[in-house]
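Below, subunit A partners subunit B and then partners subunit C, in two separate complexes.
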Partner chain A sequence: MKQIKSLPELVCPAGTPSALRVAVDAGADVVYCGFRDKTNARNFPGLNFSRDEMADGIRYAHTHGAKTYIAINTFPQAGNVTLWKQAVDDAASFGADAVIVADIGLAAYTAKNHPHLRLHLSVQASASNEDAICYYCDAFNVKRVVLPRVLSIPEITALNSVIPCETEVFAFGGLCVMAEGRCNLSSYATGKSPNMNGVCSPASHVRYRQDKDGAMTSKLGEFTINRFAKEEAAGYPTLCKGRFRLNGEAGYIFEEPTSLDALSLLPDLLKSGVAALKIEGRQRGRAYIEAVVLAFRQALDAYAKGRPIKTDALINLAEGGQSTRRPAGRAGPAAEGEKRNRHLLPRHGHEQARGQCHARAGGGPDADDRGQ
Partner chain B sequence: MRELAADRTLTIEANDVSALPPLHGRNHVIGPYISVYNEETLQYLAQHGARRICLSPELPFSAARTLAAEGRRHKAEIEVQVFGRMPLALSARCYHARAHKLTKDNCRFVCAKDPDGLRLCTLDDQPFLAVNGIQTLSDSYLDLAEKIGEMKAAGIRHFRLSPQDCDMVRIAHHYRNAADGREPLKKIETLLPQIRFSNGYYDGHEGHRRLSP
Partner chain C sequence: MEKSLPRLRPLEHLARWTLHAVLDRHPEIFDRLGDYAACRYLIDVKDTPFVLLLIPGERDIRIHLRSKEVRADAAIRGSFMTLAQLAQGGGDGDALFFSRDITIEGDTEAVLALRNALDDADLDIIHDSFDALGFWGSPLRFGYRAFKEMKPLISGMFAP
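Moving on, here comes the complex of A and B:
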């Protein structure tokens, strides 16, 4: 294999200061994180960074040769925009290497008041075509766009040849099949949304019910999202990963509870011209972060040296790791529907991802898959 | 899209940011799929020609009121949907084609078979959402007839009826009455007894809820 001169950045999540250090130590080129408030799309209890922690984290990353990007990627609340502006101001003063924003007004504020602060466009901005991306580049001098997970590698390659900025693509973690930043499904059921509250299908609204026949029903607010047979592992009820009935058939109508694993796609992804590979999961624990970052670091380094990539590194991790992951073929009341739904999977750019449930049976924020 | 935008006789509603460059500097409308959640975004879009902004259904009245006040300073008016299924999500996938075992690229426009959308129920058979091609909507119909007076007082002058497969002339009369401050002849539930209505988003609650005025 031909030796390549440069590799894309490996952009890794950090929900806590200790996860940041683990990610840097494991070989992340960049860590991305958010402030502990509703300015970012992982606004979960116990996650994220105080101002002091952020300043310390950036210092740690810089000392070890890594960068820090700060996600300020929810949509500022009418009448309370100051909280989001302050987050941008603080990111700039702490020396963040970029801010990741989704809102047009906040992008305008950042471009005007911090012209030297590198501006990245969050996947929550839902910019998935040339004209939309060029709009943000022209208007706000956006340097990089995080692409939605629904684009195929040929589509990514084509975009890279026509847009004036870098692209960052998700390589591992949760899948989101709805257009990010334009999805109100969560708030319809729970009153809390990614755009307004930084949460999707929040744990505060999740209930599990053990039925008499041993089945487990998971609910989000008042709505049943899934039902698992006695022997079936119960996953977290992320709304768009639920089993529903449509046209009389039950199944995973929108998307199965699979997570993205693009390790096997790395050679093609690297040739597509992407500037960065992103790992989803600021809500994940240190052990998970360390293992995923290590696996991708090793894969990238192997590729650079012309050695084969170990594409199954994270399948083994998932099966024995902290998440309750399951094989794609599940028994249960909706098995027929599941089979039918897979027919559409080749439409999905990254859907060589292995069928794994990334959710924990006990609930909690692990199962959220919204964008960064 | 660029050809449409070049036709100055048309009023264009942009529902994707990709439509904004060709509309730059001419009057246009921003639809609910472009996220306008705050006055900064409204101001930016208004400076480039947005004259009316139809808000995302999840925004509460408190946000709409703030945006309407800001809009007055920038010659941009606010529009709020008051009737019909709420647009909740878009996807790259077509769930309608999928439900009919067709691929998206050869869908035969099966969505036309379901003019009111395809009902999606929970495993308990509770109606939940409606599939319409790549769009997912609420199963419940939004009804804000009783809120129109309050919205008018806040300076909101445009109210959207999303057409459903029903007698829309009667529905339009119903909301015309409400917009003109007249008492409705009948409650909306009487006009469409088979439909579940909701208004929860208006006061910042779950969108599916039907709360008393």
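Moving on, here comes the complex of A and C:
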């Protein structure tokens, strides 16, 4: 097994130039971001970088000793691949430190046309086993794979011992039980998907209604996703986190609104041999990015010095007010999240039960997340 | 066009002046809005009797009593401090939404675009306003800074 010789890279999100500067200043080793179009999986209004902003952002990062990875991680559409190829070309010309791609054709294009540009495989490619990852490494000289969050820490450790490239895993952010790059729920409900259009539950199809009793109803397209009672913590309006009625009982069928928080799992994750920890949330604001980057930077520094890791710093940022965090020293289910989160997969027992993400290192069931 | 009540005019002038002071320092803010610049945003400051109507494309902001029906494409509701914090990037919009400190209605995409545009702008509304006052802004800035530094001391003196 690979032993970590140094701390892993802290890979942080930025949806705007301002967020990029905040991430770098807060201690990110790497900032990942995308162009302002459908070539990246966070294609939201008002978000992302123009060409000039990207060039400036890369310069800022490099000046301050940080790297920039550019996510070009949606799937080019038939007859319309130019936009994606241009994005790779521009990333190379701006001096990006790596591109993160999902599509096999775009990986081939990058390897052939920009052999010196470091190539990372996006989580959207859903490469989660030795054969798949080795194929990408052999065929396209992929240097790093972003692992799907359905893997447990023992699975990550096992993979790291047999694949020829680095691995990057998600450490904080939104949760999702879906196979990334292959989820069609958003497309089913709205006609738009994260895979092709860069948007999961596009805001153009989301509506909220505030009721007189203080409750809030969220709708995605034609579907009512949830109804939150007065003062109940809310979640994103995604179908996978909808509250539905089944056998006469209303509840979360797939997943509850919950965030991934792997701060308490850092020692196990680091021992697994991962090269980088990724924070999800290019769609979040500067305040989120600063808080999460600082918390993880401090946690990594504490780990390196043999000090205890502070694990309760980020609960206020969690979706639904609950996360997968578990108290220090406890190898069971999550803390904030445990009150409603645990029952999900054992009860419904579907295929994703194997996932329960990195949080399973201690043996307890937990939840998983999505997106970059 | 809806007209505000005459007694709200001074407040509206102040809000408009502040908006222009901010836009003078950050003329690019609304570029990120794209087509959403034409939207009418209702900003409901829940702990006041007023609502603000922001129309980015017209570089205009209007003030109405909450009791008046105002036509808008999207509405954002929250306390004064929460909304001010959000406008300056000091709070995470998603987290404030999860905790129900802010609520939104209407065109969600327009709200998202505005949030992202403001978040990128790195605003400091108070200091932008002082800057717009030119020479007269200096003593105000000094007073404000002194107030901020003294505030913990003053609070400590009256703490139980």
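As a working rule, the second predicted complex is superposed on the first by the 300 of 372 C-alpha atoms of A that agree within 3 Å, B and C clash if a C-alpha of one lies under 4 Å from a C-alpha of the other, contacts with A are read in each partner's own complex, and residues count from 1 in each chain.
Here is the rule we go by: a contact is a pair of C-beta atoms (placed from the backbone, for glycine too) under 8 Å apart; a residue touches a chain by one contact, two chains touch by 3 or more.
Keep in mind that this is a model prediction, so the values were computed, not measured.
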For this session: Check whether A:162 is in contact with subunit B, with subunit C, with both or with neither, and answer first, second, both or neither.
Result: neither
For this session: In the overlay, answer first, second, both or neither for which of subunit B and subunit C A:285 touches.
Result: second
Exercise. Subunit B or subunit C: which reaches more residues on subunit A?
Worked result: B
Exercise. Can you list the residues of subunit A that touch subunit B in one structure and subunit C in the other?
Worked result: none
For this session: Under the touch definition given earlier, write down the residues of subunit C that touch subunit A in their complex.
Result: 32-34, 36, 77, 89-95, 97-100, 103-106, 108-117, 119-122
Exercise. Which subunit A residues qualify as touching subunit B in the complex?
Worked result: 75-79, 81, 102-106, 108-109, 125-132, 134-136, 138, 148, 150, 177-179, 181-185, 187-191, 193, 195-196, 217, 221-227, 240, 243-247, 249-250, 253-254, 333-334, 340-341, 343-344, 347-348
For this session: Enumerate the contact residues on subunit B facing subunit A in the complex.
Result: 1, 16-21, 33, 35-45, 56-59, 62-63, 66-67, 86-93, 95, 97-101, 103-104, 118-126, 128-129, 131, 136, 138, 200-201, 204-208
Seminar exercise, completed: In the complex, the residues of subunit A that touch subunit C are 15-19, 44-47, 202-204, 206-210, 216, 228, 231-235, 257, 283-288, 291, 316-321
